[in-house]
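Same chain, two partners: subunit A is paired with subunit B first, then with subunit C.
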Partner chain A sequence: MSTTGQLTTPAPAPAPRAVAARGAGRPGGRFGSLRQRRALSFYVFTGPWMLGFLALTAFPLGYALWLSFTNSDGLSPNPRFIGLANYREVLTDQTTLDSLARTGLFTALTVPLTIAAGLVLAVMMNQSMRGRGVFRTLLYLPAVMPPVGAGLTFKLIFDRDSGAANGLLDLFGFNGVSWLMDPYARWVLIVLTMWGVGNIMIISLAGLQDIPKEVLEAARVDGASPWQSFTRITLPLLSPVLFFQVVTGIIAALQSFAPLFISLDASPQGMASVPQDNFLFMIHVLTEYFADGRYGYASALLWVLFAIIMLLTAIVFRLSRGVVFYSVEPEAARKRPRTLGGK
Partner chain B sequence: MVLPRRAALYMVLVGLVVLFLSPFGWLLITALKDPSELRVLPIHWWPHEPSLGNFQQALSFWPYLAYARNSLMVSTLYAVLATLASAWAGYGFARLEAPGKRIVFGVLLSTMMLPQIITLVPTYLLFGKIGLLNTYMPWVLWGLCGAPYLIFLFRQFFANMPKELEEAAIVDGCGQFRIFWRIFLPQSWPVIATSLILSFSWTWGDFIAPALLLDDDRTTLAVRLAKGYFTQHGEPLSNLVAAGTVMYVVPVLVLFLIMQRGFVSGIATSGLK
Partner chain C sequence: MPMSKTTSLDRRRFLALSAGTAFAATGLSACAASVNSDEDGGGSGSKTTLTVMSQDNELDKKTIQAAEQALGVKIRFITFDDTKLNAMLAAKNPPDLVRGLGATETPYFAARGLMEDLDPYFAKSSVLKSSDLDPVNDVWRYDGRRQGAGPRYGMAKDYSQDQMFWYRTDLFDAAKLDHPSATEPLSYDEWLDLGKRLVKRRLGKVKVYGLSATSLGNFSTLMGMTASAGGSLFAEDMASLDFSSPEALKALKWLLEYTKADIGPNVANPNPDGWDWPTYQANRMAIACDGYWFGGAIGGDPKVAEVSRFAPAPQFGGTRVSPTFGATGYWIPKGAKNKDAAWKFFEWYFGGQPAKDRASSGWGIPTLKSLHSQMPQGTALQKQAFEVQQQELDYFKVLTFTPYAQLAALDSTLNQVLPPMVKSGASAGKVADKLNSLMNDQLAKGKQVLG
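Up next is the complex of A and B:
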């Protein structure tokens, strides 16, 4: 409990200071002192978060970096410094390279798929019609399902003996298959990912509703077909939102450990049950940490993933220049459809 | 031409809704089945004698309510602290100026993108060293620091409030703390509600952090439920798993349905930055 006390101290601090400042800072006080007080207040208000960032994010990251240069196994008291040996192993370890390739494939498949599906749903939801709110809520509902709940539900649906999936196959005269095993498990994983697409739909829908109606109206009057106004007006104006989804989607997919939830049988220590096809990078990292106790090597894997994520994000930002329109002020937006109509 | 197009749109949407809700349907059907109906072909699409007995059994097979209480404690603790701390920090980012603010705000935005899982394992190792494993202290600490996403939500809300509000208060001699506590916080209940529900659901749904940080008897419902229900001979009891899962997810789904409006617009803001 002592730690709580330390961390809460910044909170009550400003009250007495504010009382003290009442005399000094009022009408006669100089403007500079007011500004200084505001600056101090800023750091009092944001201080707890900054402290937390340093202690609970930056420091653990640094600690993992240090571990990655050692042969730590979490048990022996004095891990030995082994330089870049762990990183050299990353480049030659077949399990690592395979899981990385698998994660790359998973990302390359699910990110475009979910964004495209989310956009299509959002466009449908953007039509004016009765019951729009109900449709939106129901399509979004799976996205609020806790991951363990979603995983267990999918295990029940795709259960070999009692699941609905094999029940359907049986209905059409096919033999049931072991959905949660190797050639099929990856498709279950992708279906599970797609089930939560409501999240992306909501963000795209908010983006669509921000597009000024006059712009689309002007295009229609000028004779643009619905498809033309979608590809030449809606998509460009929506591009910042889509870009945001690409970045967050890539980050989420690369660090995904969703396969765990359809192979649940125990704690992260029991990860051996994840089928080969679903053995993503993060599952590999958790296995190295907790099944094999190789803290040093697993930390190196984490840092490699971190570096890959940073690098990819930077590349996506670079590639987006010229494709993403950030200026959506009405004046600029109004000019574009006019030139389109001239064609 | 207009009418058939509208009708087609409705048909597609109804089809999609049925598809999206079918997993919930199967979960419920399985939860109502007698064990003898689980492994039969052709499959029973509706239980012949639907009964609520599975729910009762799921509660007593292992101490379900004790784990639910653990989940409730951790989630409430985190939700309350994180909401207060995020409002606190959000106020600073929205209404106060200081040298270095741009940089600090940049760090905040980039931590929104930072993969959480990457810091979790090293954090677990560090918490182990200072004796915080198998306690709820990690959630207290995480809560007290606020969550970047919630801070951002509060910042957006506070930044849109009229300047006259605080100017009048400053003239009256109010300090920043009182302005925050007496004027801004009471006005922000929609964001507070969204933040409470979001952070509660995150923790209620979280699997990996409690799986790492807590022992089997203090852990949350999510972790215990993931281990499932088995007979003495190791046969899985799918009907109990289904009943247990229904009871586990219903609170979160109900919270969402109650708070739907604020919730959805809150999520949507994240994409509009």
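Up next is the complex of A and C:
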């Protein structure tokens, strides 16, 4: 109605279908319907990540896949398409197979060791005791140290002729040991990997603190021993956290560059001086890329590693059934998501 | 359902848009590489930015500032890193100037068409005249088959004949050994024997190294030794190598003996410092196989300088040769955006004040003949080193490196093969066969890529 009080011809009422269509697809308001606004905020928030994913992950992955079918050295102007030749070579290249076996052994040793050590430390740090905060900080500190720094320290400690480790042996009249060369280098590498166990400890500690005290208290009242409480209550309730650590630990171990940190340096010359026992798969990949200049073959190696990681992860997921206990069943959670104000 | 259709369409559009933007972003660097700047007085008034990939101890902030002032450019410094350089070259977005080892890198990069032919620049230059170039600069030449001929692709900033050696007179005197001659080269066997006599051990640890013979890396060392025995590791076409030839086998046997003797840093017990100076300075190394440049470090410590002497490169007999394995310098990538500005930097850095400063520092032999006279001779050590070096120059030789593999790849193979074979006591012949098989495979693959 006009403010002047004049009567105006009323506009014809829109057809019901048109109203319905407008109401459903466009809304009333500047930013559209609630659904459209939600979609808009979804895109705004996921957009930067999506761009990053496509530019920094999907594109390099696709590029590496293309390279893996060529004989590219990354520099020569005309790489040739060679089909599956690089993948066939992976299956017959003894250096590749050896490095893969070494990496498998490294993974099989370090993943259980680091998780067990982290769990033990977490259980200890979960007890009430004086100076707990200080101990937690001290145990976590090595994890904060950059791996290159830790590697340098290890090189100085384990140097044969001037390192502290042999200095200690010297004090007791023992012969010095070439720690950084075969066959001892792999043990130094494992100790270096254990050096970052503080990370595992912190995650396990968070998991332990999430276990309701009432459950443990009830078990104690029912006469359960500390060991029974730990194995029957704590471990099952902590199993999702441990499972997460197993999966990420396997992936990290398979992709480990740690041998470089205790080699001469991190350049191609550094790759060249990694002792044989520490010549893990990723060191082999780096050498193929930047020392041998075989971009095509190295890219094929990376895709093979990707496939192995996917396969191992699938196997671990499969094996986890009946061993990992979730407080909320993932399936149930998916079917009945919690919503604000919902029942 | 209409709504879900609309949402689905939006999602697809969103994904398509994201992908387009992402690929456009990744493609930008490549586009940038193909666009030439208006560097030389393009009239925009803005300074040209010269991207230089080098090491900060060779191109420090003071030198960068001096270059910016002298050349009227802005210098973007990138710390040298092999992997980064490969990535930048592969992305066709290389620096304008790259630090490199002329002796071992020139064939690899030149054969791939990555280096700018600098002959036209040298021809026009009034600062860097071909007649004034020290012969070492020939390692930066490559004619498609061999080094030492063909276009110039770079220039060395300074150099050393890397198989010469320094020794500590105090450790020789303590062991009651005669000092090596300053004019007549030792044989490799005499050299090894000295190392064995000078080493000091305690409980399986070497307390004083008798001899550090492989600070250049094992492959370069073997290459030089084989040349000294009158042979060549590489075949004529550079597409294969042979450790089984009498000359190479002699060198290999020597290296295995040196490694087994454990009298200095070696492939089975590398130097944790990465270079000889800290150990030499700490009075824990009697002989260090390092060229003239090492005198720069020694000169900085008067106490060490007093007990140090320089000696000619040991020989295997035959023809006396004393090569270089570095000839570190700069080259201009073919894909560089500011080639003319890069050349101006070349002239200033190799022929201007920085070259004079380097010549008088004692950290290397100048690469312009006219600057040789400026090599330091102020102290007794500098005088002795200068005299020994001048005699040695007559035996300089360019050794051709293969274009089919990088030095790091061949060193990597040696480092993987030698320790277990030395430990198992394998014969030199068996080691040679293993190395031939692995390295010839590497070279064959490199050749296949290069076509």
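Operating definition for what follows: the second predicted complex is superposed on the first by the 290 of 343 C-alpha atoms of A that agree within 3 Å, B and C clash if a C-alpha of one lies under 4 Å from a C-alpha of the other, contacts with A are read in each partner's own complex, and residues count from 1 in each chain.
Methods note: a residue touches a chain if its C-beta (ideal position, glycine included) is under 8 Å from a C-beta of that chain, and two chains touch if they have at least 3 such contacts.
Predicted model only: the values in this text are computed from it and were never measured.
Chemist: Record, for the superposition on subunit A, whether partners subunit B and subunit C clash or fit.
Modeler: Clash - subunit B and subunit C, as placed by superposing on subunit A, overlap.
Chemist: Please determine whether it is subunit B or subunit C that touches the greater number of subunit A residues.
Modeler: The partner that reaches more residues of subunit A in the superposed model: B.
Chemist: Determine, under the contact definition given at the top, whether A:F261 touches first (subunit B), second (subunit C), both, or neither.
Modeler: first
Chemist: Applying the touch criterion given at the start, work out whether A:D159 contacts subunit B, subunit C, both or neither, answering first, second, both or neither.
Modeler: Both subunit B and subunit C are touched by A:D159.
Chemist: Who does A:G74 touch here: subunit B (first), subunit C (second), both, or neither?
Modeler: After superposition on chain A, A:G74 lies in contact with both partners, subunit B and subunit C.
Chemist: In the overlay, answer first, second, both or neither for which of subunit B and subunit C A:M201 touches.
Modeler: A:M201 sits against neither subunit B nor subunit C.
Chemist: According to the stated criteria, A:M145 is in contact with first (subunit B), second (subunit C), both, or neither; which is it?
Modeler: first
Chemist: Please work out whether A:N175 is in contact with subunit B alone, subunit C alone, both, or neither, and reply first, second, both or neither.
Modeler: second
Chemist: If you stack the two complexes on chain A, which partner ends up touching A:L51: first (subunit B), second (subunit C), both, or neither?
Modeler: After superposition on chain A, A:L51 lies in contact with both partners, subunit B and subunit C.
Chemist: Now for A:G293: first (subunit B), second (subunit C), both, or neither, which partner does it touch?
Modeler: In the superposed model, A:G293 contacts subunit C only, not subunit B.
Chemist: Just to be sure I read the superposition right, which of the two partners does A:V215 touch: subunit B = first, subunit C = second, or both, or neither?
Modeler: The answer is neither, since A:V215 touches no partner chain.
Chemist: Taking the options 59-67, 77-85, 95-103 or 437-445, which segment of subunit C carries the C-alpha atoms that clash with subunit B in the overlay?
Modeler: 77-85
Chemist: Subunit A residues touched by both subunit B and subunit C?
Modeler: After superposing on chain A, subunit A residues 21, 35, 39, 43, 50-51, 55, 59, 74, 155-156, 159, 161-162, 166, 170, 264-265, 267-268, 289, 295 contact both subunit B and subunit C.
Chemist: List the residues on subunit C that touch subunit A in their complex, please.
Modeler: Result: residues 2-3, 6-7, 10, 14-15, 18-19, 21-23, 25-26, 81-83, 86-87, 89-90, 109, 112-114, 202-207, 217, 268-272, 274, 405-406, 408-409, 411-412, 414-416, 419-420, 423, 442, 445-446, 448-451 of subunit C touch subunit A.
Chemist: If you look only at subunit A, which of its residues touch subunit B in the complex?
Modeler: Answer in residue numbers: 3-4, 7-8, 11, 14-15, 17-19, 21-22, 26, 35, 37-46, 48-53, 55-57, 59-61, 63-64, 67, 74, 121, 124, 127, 129, 135-142, 144-157, 159, 161-162, 164, 166-167, 170-171, 195, 198-199, 202-207, 210, 241, 244-245, 247-248, 251, 254-255, 257, 260-261, 264-268, 282, 285-286, 289, 295, 298-299, 302, 305-306, 309, 313.
Chemist: Okay, in this complex, where on subunit A does subunit C touch?
Modeler: That would be residues 21, 24-25, 35, 39, 43, 47, 50-51, 54-55, 58-59, 71-80, 155-156, 159-163, 166, 169-170, 173-178, 180-182, 264-265, 267-269, 271-276, 279, 287, 289-295 of subunit A.
Chemist: Enumerate the contact residues on subunit B facing subunit A in the complex.
Modeler: Within the complex, subunit B touches subunit A at residues 6, 9-10, 12-13, 16-17, 20-24, 26-27, 30, 38-39, 41-43, 45, 85-86, 88-89, 91-93, 96-99, 101, 104, 107-108, 111, 113-115, 117-119, 121-123, 125-126, 137, 140-142, 144-146, 148, 151, 173-178, 180, 201, 204-205, 207-208, 211-212, 222-223, 225-228, 238, 241-242, 245, 248-249, 252-253, 256-257, 260, 264-265, 267-273.
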